[in-house]
Amino acid sequence: MAGFLQEIVEGLGAGAIYASLALALVLIYQFTGIVNFAQGELAMFSAYIAWQFMAAGLPFWLALVLTLAVSFVGGMLIERVVIRPVEGAPELTVVIVTVGLFIFVNAAAGWIWSFLIKDFPNPFPGGAIEAGGLSLGYSTLGIMAVVGVVMGLLYLLFQHTKVGLGMRAVASNPSSARLVGIRVGWTLALGWGLAATVGAVSGILVAPLLFLEPNMMGGVLIYAFAAATLGGFDSPVGAVVGGLVVGVAETLAGAYVGFIGSDLKVGVPLVIILFILLLRPQGLFGRAAVERA
Amino acid sequence: MSENAFLTVTDLRAGYGGARVLHGVSLAVGQGEICAILGPNGAGKTTLLRALSGMVRVRGDVRLDGADLSGRSPDTIARQGVAHVPEGRGTFMPLTVEENLRLGAFVRRDRRSLRGLRDLRGRRGGSAVDADLERVHTYFPVLKTRLKQVAGSLSGGEQQMLAIGRALMLRPRLLLLDEPSLGLAPMVTQELFRIVRAVNEEERTTVVVVEQNAHLALSIAQQAHVLESGRIVLSGSAEQIRADEQVAQSYLGYRV
Amino acid sequence: MSGPAEVTEKAARAAAPTRGRSLARVATARRQWIVMAVLLAVACYAPFQLVPFRVFQLTMVLVYAVALLGLNLLVGHAGQISLGHGAFFAVGAYGSAIMIDRWDTPHLATLPVAAAVAFALGLALGLPAMRLRGLYLALVTLAIAIFLVPLLKRFEAVTGGSMGLTLGKPVPPAWTGLAEDQWLYFLALAVTVVAFLLAHGLLRSRVGRALHAVRDNEAAAEVMGVRLSFYKTLAFAWSAMFAGAAGCVYTWVIGFVSPDSFALTLSITLLASIVVGGLGSFSGPLLGGLFMMFVPSISQDVNDAAPGVIFGLLIIAVMYVAPTGLAGLAGRMTRSITKILRKE
Amino acid sequence: MRVSAIGCTAVTASLLVALAACGGREAAAPSTAASGSGSGECQGQQTTGITDTSIKLGGIYPLSGPASAYGDIPKGIKAYFDYINAEKNGIGGRKVEFVVRDDGYQPPKAVEEARRLVEQEQVFALFQTLGTPSTTATWDYTNQQKVPQVFVATGASKWGSDTAHPWTIGWQPNYISEARVYAQYLKQERPDAKVAVLYQNDDFGKDLLGGFKKAIEGSKITVAAEQSYEVSDPSVDPQMRNLAGSKADVLLNITTPKFGSQALAADAKNTSWNPLHIVNNVAASITVLKPVGFPNVQGVVSSTYYKDPNDPKWKDDPEMMLYYAKMKQYAPDADPTVPYHTFGWAVASSFHKAMEAAKCPTREGLRDAMRALQNVQVDMLLPGVTLNTAADDGFPIESMQLMKFQGERWELFGDVIDTRKEFGPLTN
């Protein structure tokens, strides 16, 4: 039993990682209706920026703050420079642009920092809380806490600030938002900046665990997709819950279902996605009317 | 038409892509007036409003109280005090009624503090925006009872009231109404027009209303223009237009 | 975000003068057939002029074009996004490889079987998947593409596991007097021509019209009595069939299949290529195939330290210059050139 | 379907351009026809890509895509060739030109690039293709064309044991031999070990795991648990937890670098399970261990055959000093501490020696030379490790030495193990 609970705890730890990236995915989808394939790579790039700051001798927390700022500006710039020219083009065109961005960012990171793994400091202590035969790593705990805090901050931003209200207005009805005087273009850029910042948090959380290298986020992205689909692509809360569920399901399946084993456990997100979509196409927390694609 | 009109439009041309819809429209509206734009489907009435609020690209001259609006972006024009209630109401469906209303005041700078921070402290009231919320409630008491409700759950008439209420939150100098009667029961429509009239009288808000229901529009308007194929074919006071039976038949499609 | 502007534009285009249209259409159709004939003639002549390496490249272009033809059917004509096209390509490739490997089936005989298997699998997966729309379908197909790789490795006894299968290549019959690369090329060309004719026929049939209706307005199509899920599933199965046929020819040409050759990258590259080539157009798959074959090499020539940097930039650049794909760009350019010529 | 004449025209036009650009089939006929032939006893042999003053080689590596880390190998090779071209007058007076192409670790792309190098670039030999899939996809072609495919960068055993492909040969110790080294070590140290295995689910992992299982047959050593992972997996933590559940006393870690680090870190984190950790050579670089933290990887065992540039033991080694100096001079952008560069340097040095040993400066000469290497000393290999091949032995390096991680570096221990002498030749 303790072993089972332990697997659940570990699954939650993995799930928190997926959730953090899923949050960033969902943010951009909410505002622009496109799935950003480059999200994981941008997160990876942010982690490299943090690494670079630390390599230059900055302490972790300062590096973190600077990285978040750089990522925010970078995200806005990408929207303005890369995405803006294809605004109004067919959705698929925009999606393919993000695929191009994916390939570009991945290769650029390898070019700049090489494909060898980098040592990334873990902001959380190494030990674990032991209780009742369960062991809960501080770093797992830390990740869950950070994801929780990010989600809380996003909630405050969206529900209790003017900017957040404006962003939600743009997400729900861009042309009407324009009429009430919201600068829609800038709001979209803001959404990208925000997503890039959340992605940066994800990248920095993930880097000490998976080890930093250009392909670090490739595997995570798929699970983040599953998480976002599960939770509903328009719901940040859903993304987090979806991430946790995917993490636990995948871990349990890999550990206890003999046939699945560790090689076929990537199939678990597939099955989850299929079932959820067939039963409830809008995801657990999504609204039915949002199928934009 | 007054000499130094509040809103002047001179030789306005606009369209979508290659298709030209407005072919040189000129008109003037005096401060505090209600101006009705009438005409058949596809005449360019909606495009005219969209041109005024910056939603479509225009050539020509648009001036509001002397300030040039042509070629400005919608948000800049909104900041100038132009509130546009689009056809189909432009409701922010997933947001609450209150949020919809507050979005109307998005560009106003006279608000004292961020609403959210106040909410967190559990206090409310005090700012000009809150006063305006109260004002909208007096016009549309039904909205007050639904403040926390999701806007998408409102009936069509309530959504139209919400849309107008949202526009009033801007404390607009110019209110653009596009087919407010569309899809509503006659009783509701009459009530809406009564309120528009009241707003106009109490707050001296200039109104340009596009309407299929010419009878209703003319009942509150001071002047009217008939648009056909992107050109103004007839202008005059509301009484003149209403009195001209031939006009009524050929352009408005109804008998007075 | 389709604003009213777009709608009006469409309306304006529809209202363009229709007089003389049918006459013009006949003329264009004839011109099209002439162009096609020339194209085919060039295609037949090319392998006798080119070095085997170039012939191989063109063969791969054809293989990709057939796969993209299927994807075009699904994405361009039925409006459904698939990120798992590489999986069906793999099914065709493995289907053919296993038959050759286990039962020494003649190469050519594996083609119909591989296509049929892919079709059946497409149908089976399409039934549940096609209840989904847009993004969600994309994600399900994505998961299929990812899942296939470990699955192929798991059934090692049949698939050769992660080592893959190495196979002989089809031997050109003596009477043709062709070299191996030329024979492979002509096989691929034949499959391509048949595939294009088949797709052409499909789209002109009632089914094709139903698909277009689905793409343009799903709700309206349903009201009009189109059995949505049926046609969507069918489109998915066909698209899988073309991918399977392409995969089969791939096996002939490369002579080696391994699970990691059909990773997610392949599916994403296929999707990118068809969008770059041009969705919904006849030449889109061919142009997409050319893109898929040649652009990575070009990227490498520009920057051999990080070819991906250039490749990524090129994809983005093409989408800027030609948001509707290279086929659309070619069309626009030709039109403006003719306009200029006519004016002068 | 909208049959767009315009689009067709575009396609036709691009095809015609391609046609025009390529010249005729006869002008650049297949290699055998166009190649000249040697003189004397080398009469009638292929001399494509080689003259009295030059030799042109082509290599295929993943410079893009998920396996890009290996793209560092050709940098080491290039530095070596640049060095001997500039300072040693090339190989026997022939300056080496090394053309590198990218296959993104995709077999079809590898086939295309192999044909490009052979038919268009007219290289003398393919000097390295990387990865088992890419090499498998190309070796039928190279052997058909009778082009040497020298020292391929993969440890699969078939390059050495296959007899139908005399033009292809491997270089590094094959995975099976490496597995045998670990098995022998365990037989001595832990004769009744229960082994947990983590392996990459591809040819590399399977080869090593299979070799290990075969090598422990008949001993008391058992495999208690095995877990695989895909290269696309984000992390091997779940696999490591499952392995920990087996309570095995040895962990055999068959991974590539990133996953190697993850597995080492997971092992270090789990304080209740402390198996003897054996990490395979591919993931045994200092660059893999360092991110995990040296205190966490004490006592880890591995084996190697070339000198780790990060190991202070070789600080005053003349070969290492030369390597550092020349890397700095000829590849200033490349970090010499990266072991892939060292690997490239050593393999380039091996080619140098093999080419020098060739009786004829022809493709046939190289083919014969690469299967007749006798105790050839090569830069950067461990002392005692030499290249040895014979007509029936296609495995150039078959010696390895065990090492244990202590302090901040690997300590070699025991003798250099010649796996061929020790365990007999590989049989398939």
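Here the chain labels run A, B, C and D in written order, and each chain numbers its own residues starting at 1.
Just so we're on the same page, a residue touches a chain if its C-beta (ideal position, glycine included) is under 8 Å from a C-beta of that chain, and two chains touch if they have at least 3 such contacts.
Per UniProt, the chains are A = Amino acid/amide ABC transporter membrane protein 1, HAAT family; B = Amino acid/amide ABC transporter ATP-binding protein 2, HAAT family; C = Amino acid/amide ABC transporter membrane protein 2, HAAT family.
Because the structure is predicted, anything quoted here is derived from the model rather than measured.
Participant: Which neighbours do chain C and chain D have in common?
Facilitator: A chain counts here if it touches both chain C and chain D, which gives A.
Participant: Kindly work out which chain lies most centrally, taking the average of its C-alpha atoms as its position.
Facilitator: So the chain sitting closest to the middle is A.
Participant: Counting only Cα atoms for the centres, state how far chain B is from chain D in Å.
Facilitator: Between these chains, centre-to-centre, one finds 73 Å.
Participant: Centroid of chain A to centroid of chain D, CA atoms only: how many Å?
Facilitator: Inter-chain centre distance comes to 36 Å.
Participant: Using mean CA coordinates as chain centres, what's the chain A-chain B distance in Å?
Facilitator: 42
Participant: Counting in whole Å, what is the centre-to-centre distance of chain B and chain C, each centre being its mean C-alpha position?
Facilitator: Inter-chain centre distance comes to 50 Å.
Participant: Could you check chain D for residues that touch two or more other chains and list them?
Facilitator: 64, 66, 68, 201, 230, 232 - these are the residues of chain D that touch more than one other chain.
Participant: Give the residues of chain C touching no fewer than two other chains, as numbers and ranges.
Facilitator: Each of 146, 150, 153, 305-308, 311 in chain C touches at least two other chains.
Participant: Can you list the residues on chain C that touch chain D in the complex?
Facilitator: 28-29, 31-32, 35-36, 38-39, 42-43, 46-54, 56-58, 60, 77, 146, 149-150, 153, 161-164, 166, 169, 199-200, 203-204, 208, 250, 253-256, 258, 260-261, 263-265, 278, 280-284, 286-287, 290, 293, 296-297, 300, 304-308, 311, 326-327, 330-331, 334-335
Participant: If you look only at chain A, which of its residues touch chain B in the complex?
Facilitator: Chain A reaches chain B through residues 156, 159-162, 164-166, 168-169, 172-173, 175-184, 287, 289.
Participant: Quick one: which bits of chain C touch chain A in the complex? Just the residue numbers, please.
Facilitator: 1, 3, 75, 81, 128-129, 131-136, 138-140, 142-144, 146-147, 150-151, 153-154, 268, 271-272, 275-276, 279, 305-309, 311-316, 319-320, 323-324
Participant: Tell me, which parts of chain A touch chain C in their complex?
Facilitator: Chain A reaches chain C through residues 33, 35, 37, 82, 85-86, 88-90, 92-93, 95-97, 99-108, 110-111, 174-175, 222, 225-226, 229, 233, 263-264, 266-267, 269-270, 273-274, 277-278, 281, 291-293.
Participant: Report the residues of chain B in contact with chain A in the complex, numbered from low to high.
Facilitator: Chain B residues touching chain A: 53, 55, 73-75, 78-79, 83-84, 86, 90-95, 99, 102-104, 106-107, 114-117, 119-120, 166, 170.
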